[in-house]
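Some notes on the structure that comes next.
Chain naming follows the written order as A, B and C, and within any one chain the residues start at number 1.
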Amino acid sequence: MNAFLAIVRRDLSLALRQGSDATMALMFFVIVVTLFPLGVGPEPGVLERISAGIVWVAALLAAMLSLDRMFQSDYDDGTLELMLLAPAPLELLVLGKCLAHWLTTGLPMLLIAPLLGLFMNMQADAFPVLLATMALGTPVLSLLGGIGAALVLGARRAGALVALLVLPLTIPLLIFGVSAIEAAVTGQSSKAQLLIIGAMLLATLPLAPWATAAALRQAVS
Amino acid sequence: MHDFGDHRFEGKAVRCRRGGRLVFDRLDFELASGGVLILRGPNGSGKSSLLRVMASLVRPEAGNMLWDGAPVRDDPAAHAARLHYVGHSDAAKPAMTAEELLTFWRGMRGGTGCPVGEALERFGIAHRADFPARYLSSGQKRRLALARLLVSEAPLWILDEPTVGLDADGVGSLEQAIAAHRARGGMIVAATHIRFETGDAVAELDLSAFAPGPADLDAAGDLFAAAV
Amino acid sequence: MNWFHWFANPARFMRLAARLQPWIMVLGLATGAAGLYYGLFDSPPDYQQGETVRIMYVHVPSAWMAMFVYTMMAVAAASFLIWKHPLADVAAQAAAPIGAGFTLMALVTGSLWGQPMWGTWWVWDARLTSVLILFFLYLGYIALVNAFDDPERGSKAGAILLLVGAVNIPIIKFSVDWWNTLHQPASVARMDGPAIDPSMLLPLMLMAAAFKLYFLYLLIVRMRGELTARRIRLLRLSDAA
């Protein structure tokens, strides 16, 4: 447990000191959403209709942008092999890295999402559900993304590759995240969708670190 | 500081393949508490590979490694806990200070070793404790990597060219640390040109003796051979 | 499981495969010719879809193969990671482009079929969408395997990705079905509507068998090529040492 906290604390302080990495994903998130009104036109009705999808797609893309840094610098400077040799289980350390990744990318995106919803004329009833889907969904992004980030260590063009690998896996998240918001807009209950996203989180929480740890071991050997 | 007790670390008929190439085969080694094993051999003979195999970073293709007679692969976590590995990279995060780095590794490994300040002192970088690692010279980074050996207890030190980039003073610090470690019953495997005071506990292993011969290559190649 | 491990010896496999290869080709050509004959000339046009239904005899077997090949690759990946059978890795890597080809064929023929039936080249039908995602999974695997300078790294990373993908496919399928039923009323054309007539079932089954044999033939060719390439690499490395 100490090792888990140590790694979360270290990654957070590194992210704070090298601030650009985390804020870059956030800025990307905002810019992508801003492009859509410019692309499809500023009619409030159109924007409102596509707002949930735009915010979620932009969140997926922004998360991809931040992923290749997740293990890369530790891999490059030899920290990763020392982590493999730490007495704590690697799966736990991976979970710590995913938590730190979520705190530095998922959480800021979650916090700024309502503002972007406002830009996109999203209805007021949709905001709580938007926040709920992002709160449950962005940790899944960090966990699934960890697998991709570990798999591409040492690969050529790792940044593009990780998006190619992870984006198809995030499709269920996109579908249920958007449909939960749309259900709320049309006055239906979005409980079912939220429960499914919650189930995804509960499933990826033990499984993804395990796959990530396997990928890290083969990357270092 | 307490003693590590009496231990044995052995390898039996270890075979290692890297990138499809057989690096060494049927390699035996043994090491007892207080002992030193120096790896020799030309470039490409597999010194680094063997050290990584010993550290369980790389799985041997065949053969066994035993700690006190028990196979290492049965309990990889326990093996990781009893060894320190210093490889080619210093694992120095540019944005973290020397002190923070050591504190981090001390916490990761259970915090059993000597205090961070003392470890920095013993490797002569205490005056750089508050410097972010990006401002450290390569020799100072190496000292920092070596100071990691002291902040947590592990009987087995695996050192891959630990003196690269060190000045005479740094080598002296390392020699002192090694002597203290051995006095407590620690063991050391190293690929290095460092001089140890001679004694029966210092053994050398020449890896060129385990390089695969033509017959081995045929045997290994049979995997994809024939009938193709 | 003993036969499985016995079979996993590359040399033994290659001897057997070389012996089987011509037979597979003959059998595949025969079933393919028969399937095409029945499919194109000796089966009735559909009472709704007319002659275009004959696309089915290529489309449906391709779609089946798309799923079959990915499943086979996932099984191969598991046995590569668990038992370290090099042959399993060779099989997965050799099968990937073939599987991607079948998937592409299913998509293209589906689109060609959709044009006359639905009046548009592409609809976001749940099935089409999941096959499209499957195609992306194939491409991701192929890209990952080839992205490393050390081929061994690519093999292992690819195997882990295949297993992760295999776990995810049911979830993706389920979510796409859910998504589609929310967005669109009942889908336009579905194979699983009325029970299929025996006169159509016979050519369909013949074509499915032909596709499977064709896959097997290509797989053997590609595996022999890959094994030869690995042997050359090994000999080069030994020379260099």
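Everything below uses one rule, namely that a residue touches a chain if its C-beta (ideal position, glycine included) is under 8 Å from a C-beta of that chain, and two chains touch if they have at least 3 such contacts.
Please read all numbers here as calculations on a predicted model, not as lab measurements.
Visitor: Once you've mapped the touching chain pairs, tell me: line, ring, star, complete or other?
Guide: Complete.
Visitor: Hey, which chain is the most central one here, using CA centres?
Guide: A
Visitor: How big is the gap, in whole Å, between where the Cα atoms of chain A centre and where those of chain C centre?
Guide: Their C-alpha centroids are separated by 31 Å.
Visitor: Could you give the separation in Å between the centres of chain B and chain C, each centre being the mean of its C-alpha atoms?
Guide: Each chain's C-alpha centroid was found; their separation is 47 Å.
Visitor: Between chain A and chain B, what distance separates the C-alpha centroids? Give it in angstrom.
Guide: The computed centroid separation for chain A versus chain B comes out at 37 Å.
Visitor: Give me the residues of chain C that touch two or more other chains.
Guide: 150
Visitor: Out of chain A, which residues touch more than one other chain, so two or more?
Guide: Chain A, residues with two or more chain partners: not present.
Visitor: Could you list, by residue number, the parts of chain A that touch chain B in their complex?
Guide: By the definition above, chain A touches chain B via 2-3, 5-7, 10, 13-14, 17-18, 73, 76-79, 81-89, 220-221.
Visitor: Would you tell me which residues of chain B are touching chain A in their complex?
Guide: 52, 55-59, 77, 80-81, 83, 85, 87-93, 95-96, 100, 104-105, 107-111, 148
Visitor: Taking the complex as given, what residues does chain A use to touch chain C?
Guide: 147, 151-152, 154-158, 161, 164-165, 167-169, 171-172, 175-176, 179, 182, 200, 207, 211, 214-215, 218-219
Visitor: Please name which positions on chain C make contact with chain B in the complex.
Guide: Those residues of chain C that touch chain B are 10-12, 14-15, 18, 86, 150-152, 224, 227-228, 230-231, 233-235, 237-238, 240-241.
Visitor: In the complex formed with chain A, which residues of chain C make contact?
Guide: 81, 133, 136-137, 139-140, 143-144, 147-150, 153, 156-157, 160-161, 163-165, 167-168, 171-172, 174-176, 178-179, 182
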